[in-house]
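Listed next: structures, encoded as structure tokens.
Shared between the two complexes below is chain A, which pairs with chain B and chain C, respectively.
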Partner chain A sequence: MSKPKIGIFGMTGCAGEQIVILNCEDELMDILKVLDIRSFHTAMSKNDEKCNLDIAFVEGALVQPEEEISLKEIRKRSRLLIALGTCAVWGGVAAMKNEVSRQRLKDIVYGSPGRIFKSIPAQPLHSFVKVDFSISGCPIEKEQFLQAVASLVHGDIPVLPKYAVCTECKINENTCLLLEKSELCLGPITVAGCNARCANCGIPCSGCRGPVEEANIASEVEILKEKGFTLGDINNQLRTFAGPAEAIQTHLAKR
Partner chain B sequence: MQKSVVIDHLCRIEGNGGINVAIEDGRVVKVEIDIFEGARFLEALVVGRLYYEVPPILSRICAICSAVHTVTSLMAVEDAFETEPSAQTQLLRELLVQGGNIESHALHLFCLALPDFLGYSSPFALAEDYPQEVKIGLGLKKLGNTIQETVGGRAVHPVNAVLGGFGTVPTKKRLLELKQELTKGLEEALAAVESVARLRIPDFSQSPTLYAALASSSEEYSLFGDKVIFSSGESRKVSSYREICNETVVPHSHAKHSHFKGLPFMVGALARVMLNGHKLDSETKKAREKLGLGSFTENILLNNSAQAIEIIYSIKRCIQIIDQLLKRGIKNEKPVEIRPKAGQGTAALEAPRGILYHSYSFDNAGRITKADVITPTAQNLANMEKDFRALAHNFAGESKDGLRVKIEMVARAYDPCISCSVH
Partner chain C sequence: MQIVKLPKQNLDKFIKSLSKFGQIYAPIKKDANTSLFSKIEDSSQIDLGYNRTLLPPKKYFLPPIDTMFKFSAEAGYEEMEHDLNEKSILLGVHSCDIHGLRILDLVFSGRYVDNYYFTGRKNTSIIGVSCIPDDMCFCRSMGTDFVENGFDLFLSDIDQSYLVRIATSLGDDMVRASQSLFKEVGKEEIEEHKKKSNEMQKHFKIDLELYNLPEILDLEYESKTWEEIGEKCLSCGSCSMVCPTCYCYDVFDELSLDGKTGERKRRWDSCLFKDYALVAGGTNFRSERSARVKNRYFHKHRGFVAQYGKPSCVGCGRCIQSCPAKINIVEVITKIRSDAYV
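Let's look at the complex of A and B:
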């Protein structure tokens, strides 16, 4: 069986997903045995920019018009396109205040000379192209990436948990930071896969993996309001990593 | 006659950028590092957020440097609120930062830069002929990540380092295990120095360079410090970082440029070894001599060798920190209480690529009103352009491909982190 041809691409972000892939120090050489990496600018010179790909892994959000063109080119040459990381899946931190004009943001950061730079509100990949599969996380979890690769090389679509971080946290028997410590914890509405890393350290979940399917945001917000948090601060936290997500947009539109 | 070298997308670096150099009748007419990585406007997006929300958001500036962004951010907030974390917290934070230094340097040196010196296009191609070298590099990289996971709770974007302290402190048992891994890693790093010493590091890129690095009052080499020293002999307090960097916006780059008194300057491992190398311990100094960094040099390609020296330094420092923590007895202490107030705070740390500044203003309620982050790669951009100009001038007669290879090697030697530079 020939090795699947793959490309690893970055839009705008912290490059965290590419770094997590390179952080598979023990597995990297085995990955090379099963994947034919044709494009990976962060690690390789001599990338093949034209060949058809079996799988494109794309991280980052789109924040400028040129990225739409390059993403569509990647889509055209790839059989499967996989969104890697919260920026690619949900827009990430760059999308936390998409209602603010880019001109205003440019003025704050660059002053008037920055007006020449082109910028669009940060969007996830699925706003522009069909995404076949998503692995969220800020950054993604190494194990989820490796499991996904293992499934894909066998022709299977990977399976990821459909429950919340809250479930993982309960299995770990952590003290509940939301109900018992009254902290702003987004564990109940955030998709699992990190084994509740933050709560294991006694730190509330910031929602960095984005919302779980059918997240009950209304109920989460009610609990947080009862705990004394203002709606403004709750909304800020909800929008930090996954602002463009439909569930969060629906909640914000209610006001 | 016009000759131009256009590198659309510079590879084997972090982030998205290109380089354009044009020579006309032997005269260099254009040198631009085109940083087209998109701006996320993170400094503007955090405005209005509560003080404790700031560090985890600004950590996202960069994955490779997320530990040092986190710690610098925590220190800037604590500076604004005049909070002093415990000695144990300070040691653990340094352990986290040193872990990041090991990981970042090992990634760059063995996976991204080494292929240049041995004539390969990637670490994957390199591994086919030099499996042992790549294996050692990946092992050291993993060691850096293990430290970050142990202390920070995650290798990228640490979750456990918070204002005033840590969510959970590592156990004595875990620290002892880590020390064992570090001791083994030190042997491998020392062996790696021998390999790096055997490389022929070309000297085609030499131009007058102003180095800048943090300096501490300690007699020991450090990634911490409250003033910035220059190879010109001048020094400035960290709090006057704006007068050090004098950032300006240039039309061809989403990252700003820095100049000190009108001159570009270089920050990073080479600047640190040049300015603080005399403070290294004797064993690390031996490595410094072996790698040709015992005396002043302006060969930027030696930044790679300086990173090898710092891997040794950081591993040894981590062992020292663990010994200190164990001697003190690791305490299960909770983060110190933060009392927000209106004010301004600034902090700087040596990130793997050089000095990193975070500076914030807060209102009475502890909401951030202004954030300013200046990253090492942004500081280096003007100096990189200076080096490319010198290269293009000195090698104007060389073939386009030959010049391109030289330009790429110099660019990569800086270990640029483009996500950081734009943010």
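Let's look at the complex of A and C:
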């Protein structure tokens, strides 16, 4: 069996996913044994921009019109397209203030130089192209990436846990920050996979991996309101990593 | 059953002598809010007066995630190695949790014996300890506030000492190994023990009525209550993780990068999870959250009763304590019961 030809691409993001891949130091040689990496600008100087790919891993959100063109190019070249990281899957932090106009945001952030480039409200990849599989996380978890590669090489679509961070948090026997300490924890509606990284350290989950399927935002909001948080605080937290997610948009539209 | 007295000042010496019988696991305080069962290196960590541990002792026999076997294209299956001579002692188990383990024993010893579970279980002796119920305990309703079997020793706290019930020959060996630490039970201690037993009953704040419950559940299958709690439930899975009698698990393979070798694993699952009842072809026969919540109650209080003659809930209160949406099994059942009588 010939090695699958793959590309690793970045849209707008912090390159965190690409760094996680490069940080797989002990496994990099094994990865190269099973994948034929044709394009990986962050790590290689010779990249094939045209060849057909079996798998394209794409990081980052879309915030510039040109990115839509390059994403669609990648989609056309590749049999599978996999969204890597919360920006690619949910829009990420770049989408946190999507309700404010781009012009105003550019003025605040860049001042007059902001006038020379175009910017669109940050969106996840699936708003523009078909995404075959998503690995969320800010950044992604190395183990999930490696497991996904192993499954893909084997010809399977990876299976990642779909349950909430609370499940992992309970397994780790952490004192519940939401119930025992009344902290703003998004664990009940955030998809697991990080092994409750933050709650393990006594820090509430800020939802960096994005919502679980069928997230019960209404119930979470009720619980947090009862704990004394304002709707403003809650909404800001909900918007931080996955603002464009349908469940969150539906909640925000309700007010 | 023989009962002897262990003055509390001798407890530490007794625990030290127990290490001859195996590695001790016992409750410790993780922080002000949380107790958990932990491997004990230093007996001063042990807190026998704990309220409830976050996870029940099932975590030792049905670990949250467990490798069942390894496989490879060349070598086929390779069982995980277990040291069958490795003995453990689970010290400080409350009555409800001993019942919880008995329920798991029942389930895993069925037609297809689960040796993954029994390997550790068979090599573990149980030393129970009495407790004082809090406002979430309803073991009395479930008949699990005392135990008659399923332990080697049981310690009942009577302030200055423990009354130690010896239930097995192994328990007897443990006592004999440090005979000088134990005293005969006197009249005074008998009175004290009876007083404590009566006092314990006064601590219960909640009750769950079991009479006719499976039938009432059948009649209330379409009750609106299921929809109402389905609205509140977040499918977070906490209630199943912390439950001493939830035994569902999911089996999956973890492949090595070259795709030639791998490990078959299992991890705790929950009927509250959206994909729990998802089957090939994409059909999900419990895709509604309300149906999933309902399943939790029906499994514990109807399905299990039909199969094993008793509910698979021991009234430990863990699910009440850990539900972010404050869904409370006692309130839910009480509501269903009163709906049935309206």
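What we mean here is this: the second predicted complex is superposed on the first by the 254 of 255 C-alpha atoms of A that agree within 3 Å, B and C clash if a C-alpha of one lies under 4 Å from a C-alpha of the other, contacts with A are read in each partner's own complex, and residues count from 1 in each chain.
The working rule: a residue touches a chain if its C-beta (ideal position, glycine included) is under 8 Å from a C-beta of that chain, and two chains touch if they have at least 3 such contacts.
Note that the coordinates shown come from a computational prediction; the quantities given were computed from them, not determined experimentally.
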Partner chain(s) touched by A:Ser45 [first = chain B, second = chain C, both, neither]: first
Partner chain in contact with A:Glu220 - chain B first, chain C second, else both or neither: second
Partner chain in contact with A:Glu67 - chain B first, chain C second, else both or neither: first
Dominant contact partner of chain A by residue count, chain C or chain B: B
Partner chain(s) touched by A:Ile37 [first = chain B, second = chain C, both, neither]: first
Touched partner set for A:Leu186, first chain B, second chain C, both or neither: neither
Which superposed partner A:Lys162 touches (first chain B, second chain C, both, neither): second
Shared contact residues on chain A - chain B and chain C: none
Touching residues (chain side chain B, partner chain A) in the complex: 9, 11-16, 36-45, 47-50, 53, 56-57, 60-64, 66, 107, 111-112, 115, 121-125, 127, 138-139, 141-142, 145, 153-157, 159-160, 162, 166-168, 249, 251, 254, 256, 408, 419
Interfacial residue positions of chain A with respect to chain C in the complex: 27, 30-31, 33-34, 146-147, 149-151, 153-154, 159, 162-164, 166-167, 170-171, 173-176, 178-181, 187-189, 212-216, 218-220, 222-223
Interfacial residue positions of chain A with respect to chain B in the complex: 10-16, 18-20, 22-23, 25-26, 28-29, 32, 37, 40-47, 62-64, 66-67, 92-94, 96-97, 100, 102, 104-106, 108-111, 113-114, 116-117, 119, 122, 138-139, 197-198, 200-203, 206, 208, 233, 236-237, 240
Interfacial residue positions of chain C with respect to chain A in the complex: 30-31, 33-34, 36, 53-55, 64-65, 231-238, 241-242, 252, 254-259, 262, 268, 270, 273-275, 289, 321-322, 324-326
